[in-house]
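These notes are about the structure you will find just below.
Chain IDs A, B, C and D follow the sequence of writing; residue 1 opens each chain.
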Amino acid sequence: MRFADTTALKIAMIEASRAIIAAEPELTRVDSVIGDGDHGIGLIEQLSENNFSTPYDLFHAVGLCLVKSMGGSSGVLFGTLFISGLEEIKDKDSLNGVDMAAFLSGGIQGVIRRGRANPGDKTMVDALLPAESEMNSALKSTDDLGQVLKAAHKGALSGVESTKNMVSRLGRSKNFREQVIGWPDPGAMSVSILLGGLANSLSQD
Amino acid sequence: MRFADTTALKIAMIEASRAIIAAEPELTRVDSVIGDGDHGIGLIEQLSENNFSTPYDLFHAVGLCLVKSMGGSSGVLFGTLFISGLEEIKDKDSLNGVDMAAFLSGGIQGVIRRGRANPGDKTMVDALLPAESEMNSALKSTDDLGQVLKAAHKGALSGVESTKNMVSRLGRSKNFREQVIGWPDPGAMSVSILLGGLANSLSQD
Amino acid sequence: MHWFSEGREFYARKWFTGMLKAHPGRWELFDSQISSATLFSSHKVTDRVAVIISSGGSDGPWSPGFVGENLADAVVVGAPFTAPNAYAIYEAAKALDTGRGVILLYNNFMGDYLNNDMAEELLRIEGHRAIQIPVHDDIGMARGESRENRGGRSGIAIMTRIAASASRAGLSLDEIANLLKKANSRMATICVSIDTENNIVTFGRGFSDEPGFKTGQMGMRETAEETIRLLTEDISPKTDEKILLMVNPLRLAGYDEAYVMGNYLYDSLSANYNILRMNVGAYIHILDGYGFTITLLSADSELRPYLEGVINGDGFSI
Amino acid sequence: MHWFSEGREFYARKWFTGMLKAHPGRWELFDSQISSATLFSSHKVTDRVAVIISSGGSDGPWSPGFVGENLADAVVVGAPFTAPNAYAIYEAAKALDTGRGVILLYNNFMGDYLNNDMAEELLRIEGHRAIQIPVHDDIGMARGESRENRGGRSGIAIMTRIAASASRAGLSLDEIANLLKKANSRMATICVSIDTENNIVTFGRGFSDEPGFKTGQMGMRETAEETIRLLTEDISPKTDEKILLMVNPLRLAGYDEAYVMGNYLYDSLSANYNILRMNVGAYIHILDGYGFTITLLSADSELRPYLEGVINGDGFSI
């Protein structure tokens, strides 16, 4: 798909949500070891019950819904991811790869601003930054939405892999430094599942 | 000894106290199993620091000292044992076997009145009543203080033995009915040690 | 469990000395001996009945936290898990009696009974009027025997409140004693302990860890219903009575969990009875695993005036 | 640990509903969602700064017991051990702001910071002034890093009291924030956990059971001395300051033991410093074995007016 309208994006969001819900046992297992086991609960089932007129409205609703329903660290950070880049897609009826990259980059900067995490701190930032740079590389040769999201997903996956050897320096899990080595960061995993779900849905024709 | 003056009685009380203190580890062990492990602590060391003019004064002081210093059940019951029979020895300068028996019987009735224990309830009463009856039997043939106390001690010992097969029906240990079978009652043991100490000291010539 | 590097004998004295440092002017250390210590309220008893509570150490705010303004006038505490001695109770009562008499309130355990009984006798000999009230609310103990044989549990927190309010209302010693006897006969407590791994609930565990009389696998709602059933069966509330419900967490249960449980209990009780109030708090806080002790007092119009309003003590309100 | 047969999601709502039944008229349930619930004081905020506290569930009287007369104006609580969500905090603040602004007070954990930070942003967008104060008193955490990186512990009970008193004294939002920042910089807490079998004492155990930084076999007096040494080393009290000492038992330690320990701590502290007051109580009551969390706040003449007198909350006085 070169670009997607609000309906296609909503379908993609639902698919991504389902992927996260399906991964919940795995996420919970990872989070139980290094955190508190509440990651990934009750994400965005409400989406399907509403209609949205623009991508802006859709993602604004997704962001607020995450902030409203989750608690803990990841709800507010995922909310930030969807809300901080909204300015980039104002007034658009559909998004192509360039728009999506701008939207996600804005969100990633928002997460970093709020969370003050550095690369290597073993957080979702370690999936978000490689996703952003793969996305930017892809943009040099294409503006296809599906291609750009696939690149982002690829970057996120390698980021998740890299978190396995990291030592936590932020949040609750930093207090269990030794114990987290070998495990990926659950927030980074959620990012890769989210981007994978979007890429999957939006690269079909 | 046919009879004893205040000084001899005081020496006997101190000897009996020492016997109880020496038995403390054993008493504590028994009480820990079926009670709370605080039986026999800090009994009557203060005795040696005071002078008494009559047996009445001596035993009155012993009784109050027990009530004042011990807490729990045994302090007040031993106090009662020494206080309730005091009327019987008022105005006496020395005690023979008859006097001692009257004094102890008064005390035993006091313990039963306050504690409302029945024979067979696995309490000190099960040592006190056989002590009283052996004492009364002995009085038929002698008024020797030492002989009477030896009889009381003998009765108490058989009473202690009988408590081993009893089930507690009073106090904390009644709530551990099964667990107390096979163990003697610590209060009964204290009675027998006390009487043994007195008999020992007061049967020398 | 007790970490007393310097021995248990002076435990109550150290405890009370700490209390005085935390709340200067609130209490006075009246006396302390090897095996017990006595704390007075700094609010003096003037022309009313004095209320003295006593217990073995280590119970939670009850007992010494229940001494003070609008609460008891003195407490006598023994060494850990040991009744305080009769002489200390006697001396406290002698010092506080204004001529209107003294209530001796305690949980019905053998050592506490024996010592309060002797204190009452020593006082009588010297012309003081004292009436002892042994509280026997624990329906887990002495099952099948008469009510008077049961042990006391957390209901004594409510009894203390009633005694203190009645004394301040100017009631005579006999009137207060009758009021307390009535409350005693209309009150029941049960310990509900919970194995949270397996949702196994045990009803009736004793104060000294005696086994309960009923066990089952159940959730909170069912547990609440069974608790209310057992307690109301014991006191058979009359239609003109209103029930005070008290929820007291055991040490491993928290403030939050006590209220969550309280919520279920309240609903279950209000389905069939009139509720006067629900008190939730760690009033008696014996080390006792995970669970709650739950008390009902069925209060008629005579008792209710002495249960009005909230009294703040040290670490609780009741 | 938690015995919630009906799920953790609605936990805070059930908890608060129980609280409302126990104390009718004292609080109002403002809002409750899947992952959090909000309780308001029924004492309305009138022309003064509003104080909102927030936390993951299951802390003890702090947090919701600290809402009420002369205490915080609202609390937002998340699911057990999970920070409440930003939106709930934002909504509570919006409802309570009288135009004088809002203090958002919380213990410095990542989830609590992130959510309060976003709430502050959402409020700013709509023209409400809010200042967040993350409390970071736990000297056991983030050792060697800057003070601001540490977690919060029981000191937040004192901070809540200061904020509430300062608001009622009419101070502006900025004045209160500055006061709280000063208190934050003059406060230190340590967890002292004790293996009572072997008298082994561990200093600095974390809120989520992170290992301590120092261990040794010692008795109460020595433990008290070491505790005071570690805490005063952190805050270096100045000669014109007076120290508030707070002793908070962990769940397996009792009322009595907290005062016995308090007695030793008081003596050890008063040997070299001026003591303002000692508070002993189960303010924050996380399930945490046997031991205490002990807090010192070195208060200068600017802070002291907001620490005067005793405030009664639900299950504590401070």
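The rule is simple: a residue touches a chain if its C-beta (ideal position, glycine included) is under 8 Å from a C-beta of that chain, and two chains touch if they have at least 3 such contacts.
Given the structure is predicted, the values throughout are model-derived calculations rather than measurements.
Along the graph of touching chains, what's the shortest path length in steps from chain A to chain C?
Tracing touching chains, the least step count from chain A to chain C comes to 2.
What is the chain whose Cα centroid lies farthest from the Cα centroid of chain D?
B
So how far apart, in whole Å, are chain B and chain D when each is placed at the average of its C-alpha atoms?
56
Would you mind pulling out the distance in Å between where the CA atoms of chain A average out and where those of chain B do?
81
With centres defined as the mean C-alpha position, give me the chain C-chain D separation in Å.
Computed from C-alpha means, the inter-chain centre distance equals 30 Å.
I'd like the Å distance between the centres of chain B and chain C, where a centre is the mean of that chain's Cα atoms.
34
Chain adjacency by touch: line, ring, star, complete or other shape?
line
Could you run through all the chain pairs that touch each other?
So the chains that touch one another pair up as A-D, B-C, C-D.
Using the touch definition from the top, list the residues of chain C that touch chain B in their complex.
9, 33-36, 56, 78-79, 81-88, 109-111, 114-115, 117-118, 141, 206, 208, 210
Taking the touch rule as given, give the residues of chain D at its contact with chain C in the complex, in rising order.
On the chain D side, the touching residues are 1-6, 11, 14-19, 21-22, 57-61, 65, 194, 196, 199, 218-221, 251-252, 254-263, 266, 277-282, 285, 287, 290, 312, 314-317.
What residues of chain A sit close enough to touch chain D in their complex?
36, 38, 42, 64, 67-73, 75-77, 79-80, 114-115, 170-172, 175-176
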